[in-house]
Structures are given as structure tokens and as C-alpha cells.
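By written order: A, B, C and D. Residues from 1 in each chain.
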Amino acid sequence: MTKIGFIGLGHMGAPMVRNLLKHQHDVYIYDAVPAAMMALTDAGAIPAQSLKTVAQHAEVFITMLPSGENVAEICTGASGLFKLAQPGSLFIDSSSIAVDKARELHQLAARAGIQMLDAPVSGGTGGAEAGTLTFMVGGGEAHFNRAKPILECMGKKIVHMGAAGNGQATKISNNLILGISMIAVAEGMTLGKKLGIDPKKLFEICSNASAQCWSLNNNCPVPDILPNVPSSHDYQAGFTSAMMLKDLKLSQLAAQTVSAVTPLGAEATALYTLLNNLGHGSLDFSAIIKLIEAK
Amino acid sequence: MTKIGFIGLGHMGAPMVRNLLKHQHDVYIYDAVPAAMMALTDAGAIPAQSLKTVAQHAEVFITMLPSGENVAEICTGASGLFKLAQPGSLFIDSSSIAVDKARELHQLAARAGIQMLDAPVSGGTGGAEAGTLTFMVGGGEAHFNRAKPILECMGKKIVHMGAAGNGQATKISNNLILGISMIAVAEGMTLGKKLGIDPKKLFEICSNASAQCWSLNNNCPVPDILPNVPSSHDYQAGFTSAMMLKDLKLSQLAAQTVSAVTPLGAEATALYTLLNNLGHGSLDFSAIIKLIEAK
Amino acid sequence: MTKIGFIGLGHMGAPMVRNLLKHQHDVYIYDAVPAAMMALTDAGAIPAQSLKTVAQHAEVFITMLPSGENVAEICTGASGLFKLAQPGSLFIDSSSIAVDKARELHQLAARAGIQMLDAPVSGGTGGAEAGTLTFMVGGGEAHFNRAKPILECMGKKIVHMGAAGNGQATKISNNLILGISMIAVAEGMTLGKKLGIDPKKLFEICSNASAQCWSLNNNCPVPDILPNVPSSHDYQAGFTSAMMLKDLKLSQLAAQTVSAVTPLGAEATALYTLLNNLGHGSLDFSAIIKLIEAK
Amino acid sequence: MTKIGFIGLGHMGAPMVRNLLKHQHDVYIYDAVPAAMMALTDAGAIPAQSLKTVAQHAEVFITMLPSGENVAEICTGASGLFKLAQPGSLFIDSSSIAVDKARELHQLAARAGIQMLDAPVSGGTGGAEAGTLTFMVGGGEAHFNRAKPILECMGKKIVHMGAAGNGQATKISNNLILGISMIAVAEGMTLGKKLGIDPKKLFEICSNASAQCWSLNNNCPVPDILPNVPSSHDYQAGFTSAMMLKDLKLSQLAAQTVSAVTPLGAEATALYTLLNNLGHGSLDFSAIIKLIEAK
């Protein structure tokens, strides 16, 4: 049994806590919204009054927060967790944040004697509930080995991607490809349809040929081709356009720092920004086809 | 046994003829290059002095030519096959040509009483030799049924995509997605590498996650990750960058005619034009990573 | 006095005819729409029943038609003007058509003994009415010299750009730069505004600095900065988005034929296609800022 | 006579100091590189041993540093200028830095009782030497009025763009338009040339028509059209590709923060990144035509 402090109890954090509890861990929870804590006490989580309380009890900390600024706020400064926690504590940040920011936090953690890992996830709320998330982990190997059994309570695939920040780097590299390929599918399917092909026939061919990809085969943006995908249910997410935009932005930030050339990634970011500005941020990211179809 | 006229004996046409011969068809062959004809006589093909000779003997015609202009030249005009062939003949164009041009040829064929199909292929020279090509076919259903047993001598998958031109439309829709996704993979893998991730580890994750696609899983542009792909053999094609550029250009032409919006397709076309202008047209299309990596 | 046949009496053609009449030329007019002819008889134009009638009287022909297909239809074939006109006639096509198509028409004209020029214009309906158009002319120098005094009745600037097709090539090269720079201005002004700068102040600086360009200084897409531009009058054209899209498409077609790389031109074409698909084709091309602002 | 502290004595800073000295100001200079200070003592500048020394003497501070990180390092923290300087001092940052970073510095300055302005420049080293820079200034109006006479020693145009950060915002908005329009010119001129037009003729037309812009008329990227531009002198800068890339990156960062859509800006950033990665960062930014021409 490990004493775990868990900060950030949103759509992802809450089910992750439940899975930790199922494995008999003691979980001290904290969220800026008290109601979010209350909802988890039935399941056995222990609500904390403050970060300080969490720090007094926990030896492992997990953060699942909306932005790098939130994580920095929780961790750094005179009343941050890096100061409050016992040296030797393990700190796992599962938020999706900028690679640079993650690496900066690793350095600050090291100075405080904290063992840090960046461990963003894929799999969405479905994966969080089912305990089948993928954790892409960056940081020291010993830290990774310490964290692994805990992460296995919440995920099915726990991968060590190398040094500090590599977890975040992996996630944005994957999602850069994903975002572009979704637009590619939207363009190709729309072109075919406008040229007079029955979309179902086009799907049948392309999904078994070299156009095959996750965005086409598992999340086809044309409605009513696949039954259980967002496009067939008014684009209810799933992985929202706002979340895709967030990751694409992080990819472009990271590309700037290492002078990586991402012409299609840059364009994809512009298109998802446009989709979000048009008010479709809460739809699944396959809704980009609305823009391509100009509907 | 069907008497087949086959025009265009290049890298694709020659092995296709061999497969027709294996199925005991009589194949009358014609090519502007006499040596190309000679190379097939051993296998039993009957070289023709002229298109006129081909037309006198054949009841089914197959063309496999580099461009729509070549096909039009062979088919139309006073001494073209549409004039020379018997009404009721079946005409199968397996060249990759513009959708509009294909539809124009269908109309001209109909006026001459010729049964026309557009039937471009995927599968490359490997598929042509093995007889495992995919034929994407546009045109009347009765014509399709008549052609099917013949196409099955050369291909494994023969799909009727609907009316005239839909075969061509299918191919470019598929390859539009393919070309974009290859660049997406090049961008994502290069970004990850520049951020410090071991490319093999990144491949392992992405190829099993939502970045999964044919370009990554079956033709990874980073060398020495997959053993039997062009990138691991100095980008020996495969499907060349020049061929990808040709198809992307056809996709952009078609998009113009139906006002389809293809922002990433347009950009992909520019990038493959650049790669070709830099002298890499004969390399596999996965060589686009050279541009992204700025090597 | 020259006997001129004028085909195509739309928004541009009609005022051009009026200017020819003012210079005492005999103008035989023809249009598929009889009412378009009637509207010009008061001014002294002579309506023709058919192309044949035009051909019987005129020694110089001017076409001002919506597309290359229209021009080809009028000129080529058994009952086309190239057949009907006297050898030695001068033929000036002022339509905006594809460079390739223009060059093809030059060749057909030469075979028929017709002296051909491509001479597309800039200046819009305002320039057509005021007789201040710019003519960008491609074709033989002798032909150019013969045409010049006639074109000067309708334009202020008549420039010989070189061989066949160069008139069209000039127009699309100019408008490629124009279309891109308008989007650049829309992006820059929108970025500045969203960052909190008063658009009028930003305009004042940029229009006198290195961001200075025709799209900013003469057709600012932000309303109410310049008084007499389309953006300050609900984007009433001007040069419509549909016309800009047409020219951008022609530029992309031409780029394909000579393997020119136009990454921003390709993207600009996609964005204007989107704007047109959204129903804004009849607005001035500065309305692209609506898309960038996501309004 | 004002006592001015000047930090950052590079290609821009050094001539700016000389111009301040010409106007009889006392200038206390500081640079991490001692030789940079020595070079200015002849002209009357007073070298300082440390920032502390500068702070003891000066009432107005000007920074001209390569990055926002450099400015933050000089200003903030326990031994930074914001701490060392007298409350009421005027602080003018003429570096080009991120809008967000500038706004953050304004806030920190205000807390320390320092009067802050962001005042990036345009005009390059030529303008710095001639004292003809343009200063785009953000910050309080009273501060602006205090700074104006000092800035007038170094520049010809001193413009108040509004609140904190607006100086930086103005510069990147302008340069976003500039970077895109340079690529537009490169694309249009290359397209025209490949289509067979004499570049000089094309320039003559376009520079007097709607393609007219600073990048074409004042910095034509095709060599030997304009005599005194970088392209006619092996692309010797001028404003380097590296500097253009820096500003484009800042524009993309800023666009992210306010959800501005910059599809062409994003693409321009990718193209300049590619140009820099290919080793052309020190050439004038008009050298982007090398990439477009694929030379």
C-alpha cells in the first residue's frame, strides 16, 4: 500500500483516483473545487484541506492539471509541493504540458531532492475509467521503476521514453501525426465525395489500402460509416477539438525550441484554431471535416 | 480465351501482360518502343506493327500509359483506337490520369460504341509482377462484370467504384491521404528525435497508438527501424516521389474542378514539388523526410 | 477606323466596347445573350446575328469571355472564328484563361493564318469604364504593334510581355502575389488587433513601413480605416473573391506545368476556395479577413 | 543632459549609444563582453563594472539584447536592475522579445516603481547608425512622453502604440506581413520566370501594379533587378533570415496566446526554419527565393 497524493480531480483525475483506490492505495486528494473532492470520498479517498496536508501524508504525488502554469503553481514557490514534500518523494505529472516547462520542473524537483517523472497519458476518459490508459514516461530509470506498479493501477501500457520531458515529447509527436492525418482523411474523403464516389465505398477501399490510418479506420469523420464513432453521434467527443488544438500548439512550441520544420503541423494548428474560433471546440476533433466541407 | 490488345509495356504494363498470358489469353501488344515488345514475345505475346493491327484482332483493349495525353492520343482522332476498334469492344484504361480527362474519354468512347472503364491500379511493380494489384474501376456495371475476370488475371482486388471516372477519383483520394500522412510521419518522427527521443522507441509507441498509419507502420521514413522498407535501403522505391507528386497534382486538379478544399493536400503538393526539384524524384516518396530534416 | 468584332459583352466587355466606339471604330458585337447586344446599339455598336456575320465584317477580333473553354468554343472547330475569319486577321483575347490554353490557341491561330495575342487586363470594371485598363500582352511583336492603338482606346498601359501566353502568365504572377499579400495583411492586422492594438494606429505604422503593400495601403481589409475601399462598404467589390479564386487556380495550374513551388499560393488558393464555399464569392477579395477573424 | 544606462552593445546597441552621446547625454554602458564597452569609450561612453554601477548613476535605462531571456535576466531577480534602480527610473527595452514576456516585465517593473516601456525598433543597423530608427512603443503615455526626446536622439519616428506590450505586438504584426509578402514575391517572380517571362519586365509591371509591396519594390529577391539590394550582392544582409525567423516565431507564439489564425504566417515560419536549417540564416531574408527556386 502506498500513500499517494493526487491533485486535480477533473474528468481524467477522478476515475484515475478510483482505480488507485481499487488497488488498496491510500489516496489523499486535493482540488481547488471542493465538490470534486466530495464526490470521491465514498470511494475511500481522503480529502485534504490544503496542499500542505497532502504533503504531510503522501510519499508519491500525482498531478493531473489543465496546464503547465497550473502544475508550476502547485509545485514551485515557497508554498509549493516541491518545498512541502519530503525529499525522496516521487512526483508524477500526468498533465499535458510543454516539453520545456516539464524539463524546467524536473530541474527544480531535482534541486529539492524530489524524484520527478513526466507521464502524460493517452486513452481519454474511457481509458481513465477502464484503467487502460497509456502512460508515456520521461525521467530517470530508477524513478520509472518505482512508479511503474502505481501507474499500472491506472493504465495498461506504461512506457519509459527516456530522459526528462520525453514523455511530453512523445505525446505531442504522436498527436502531431494524429491531427494532421485527421485533416488528411477529411480532405480525401470530401474530395472523393465531391467527385461522386459513395463515401462508404471509398471508406471500404481506403481503410484497407495505403490511406489506412487510425483517423480513418477508428474515427472516420464522415458520419454513418462507422457506428460507434463521434461523427455518427453529432461529433460528441471523444477527444475534443480543443484538446487537439492544445496538443498541436504544444507541438509547435516544442518545434520552435529545436528548430524542427513542421509545415503541415503548422497548417493543422491554424485549421484547428479556426475550428475552435468558430465555436466547435467541444466537438470531437473529427469535426474538422465541417471546416473542410464548408458546412 | 479472350483476344486482348495491350498498349503500354513499361514497368507496370510488361508484367501485367505476362500475367494475362499465364491465363491463356491471346495478347496483342503495342508500344512506341519496339524493344519493349520484343521482350515479351518469348512469353507468347503477339507484337503488332500498329494500333490498326491491334484493333483488327482484339475485342478487349487495355492501356497502361504515362499520362492522360498519351491515352487521348492513342484513343481519339481519326486514327485512334475508338475509331479503329469494333463497336462493342471493351476498353480498360489502367493509366493514372485526370478524372476530367477520364470522363471525357468515357463520353467519346460511348459515342463510338465502345464500352469504357477507367481502372487505375495500386500495388506498384511488385503487385504487377505478383498479379496482386488492386483495380479501382469506374464505369457501367455491365462493363465492369465483363472486365472482372480479365482483371482478376492481374489483380487480387477488383472493386467497382461507380460511374465513369470514379476509379481515378478513388486513386487520387487515397493517395492524397497517403501523401499527407507520409509528411505527417516525417514531421512527427523528426520532431520527436530533435526533442531527444530514440526514434525506435517513438516508432514502437506511435505505430501502436493513434499515430498509426500505413506510412508509419508499413513504410517508416526513418531508416533502420523497419528492415524491408525503402528508407532502410537508401530510399530505393517503391513508389517514387515523382509518382506521388503526379498523383498529388492530379488530386489538386480534381479539387479545383469540384471546389474541394485541400489545405494540407496543397501544401503536400508544394513540398513534393520541392523534393522533386531538388533532384530526388526517383527516390521512394518516404524520402520527403530529407526535406523535413533539412539534410 | 478599324472594323472590330467584339465577343463577350459582360461587365468588362460592354464598357470596353463603348470606349472603342468613342474612338470612331466600327464595332460588330456578339454575345450569347441578345439583351447584352441590345444595350449597346444606342452607343453605335452593330449587333451580329452570328459569329459568321462578325467574321464577314471584322478585321480585328476581341474576345472577353469568362473561361478558356468559352474562348476555345468561339475560336476553334469547324464553325469557329479561326476558320471563319480572313487569314491575316488580328485576334486579341482579353479573357483570363490558362497559360497553356492560351498557348494552344496561339498555335491553332497560327495554323489558320490568324495573328493572335493574349491580352488579359487589370483594372476591373472601373478601369474598363474609364478606359484606364492595363493590358498585359503576349505574342509576336508585329502583332503587338498592330494591336496597340486599338488597345489604347480602352487602356492606359499596354505592355508587351513577350511570346505567346506571357500576357496570361504576367497576370497570374501578379495576382498570385496579390492574393497572398491580402491574406498576409488580414493575418497581421487581426493578430495586432487581438493583441490589443488600435487597428488605425497599426495601419498608420504598417502602411508606412516594410509591411506596406497594395493590399494594405489601397484595399485595407479592416473596415473604416480607408474611406473608399470595399471593406468600408460591406465588402462590395471591387475585385471579387470569386475572381481572385479563379486567378489563384490558374496560377496553380500553371505552376503544375512548370514545376514551380508555391507553398503560400497553394494555401491561399485553399483559403479562397473555403471563402467561396462559405458563400462569400461575390464580396471583394479583402473579405478573406472574415475567415481569418472567424466571424 | 540625462544620465542613461545602456545595456547590450551589439550591432544595434553600439551605434545607438553613439547617437545618444552626440546629443550630449551621459551614457553608462554595460555589456557581458568587455571589448564591446572599450570600443565606445573613445566616443565618450562611461564603461561600468557591473549592473550595480550602472544603477547607481543612471535615471534612464535602455536595453538592447538578443532575447527575452536576456532581458529578464538583467531586470529581475535579487540582483536585477528592477531592484537596483531608483524607483521612478525610466526603463526602455528596445530588444525584440515575446509580447507576453514584455507584459510580464511591465508588471514586475510597476511593482518595483519603475516606469517601463517596450520600444522595439525597425530600420536595421543602417537606421541605428543614421539615427533614423522607428521606435514602436508600448506603455503608459506619461512614460512615453518622458522617453520621447531620448528616443529622438536615435530615431526619426517614435510612435506610441498603446499599452504595455503593444510595441512588441506592432513589430511582429508588421514583420508577419513582411515575411509572408517576401515569400509571395519569391513565388510570383519564380512562377513568372519559369513560365518564360523576362524577370525585369515582370518586375516593371508588378512593382507598379497590385503586386506592389516593400518586399518587391524595395528588396526584390531576384538578383540584378534593383542595384542596391541584398539579392544583387549575394544576399548580404540587410535583415537576415535568422532575424526574420526570430520575429516570425514570436508572431506565432503571440498568435497562440490570443487564438489568432495565421495559416500563411505558420507556413512562412516553417519555410524560414527550413532555410535556416539549410545554413542560410546569415543571408538577407530575401534569400528565401533560393528555397522556392530549389537551387
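Methods note: a contact is a pair of C-beta atoms (placed from the backbone, for glycine too) under 8 Å apart; a residue touches a chain by one contact, two chains touch by 3 or more.
Small disclaimer: the values here were computed from a predicted structure and weren't measured.
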Under the over-half criterion for shared residue numbers, do copies chain B and chain C use the same patch or different patches to meet?
same
If chain centres are mean C-alpha positions, then the most distant from chain B is chain D
Tally the contacting C-beta pairs at the A-D interface and at the A-B interface, and name the larger one.
A-B
In whole angstrom, the CA-centroid distance of chain B from chain D equals 51
Averaging only over C-alpha atoms, locate the centres of chain A and chain D and give their separation in whole Å.
38
For chain A and chain B, what's the span in angstrom between their mean Cα positions?
40
Residue numbers of chain B (touch at least two other chains):
255, 259-263, 267, 271, 274, 277, 291, 294
Mind pulling up the chain C residues that touch chain D in the complex?
99, 122, 134, 136, 159, 161-163, 165-166, 169-170, 172-178, 180-181, 183-185, 187-192, 194-198, 201-202, 204-206, 209-216, 218, 251, 254-255, 258-265, 267-268, 271, 291-294
Which residues, counting only chain C, touch chain A once they are in their complex?
263, 267, 274, 277-278, 291, 294
The answer for chain B against chain C in the complex is residues 249, 252-253, 255-256, 259-263, 266-267, 269-271, 273-274, 276-277
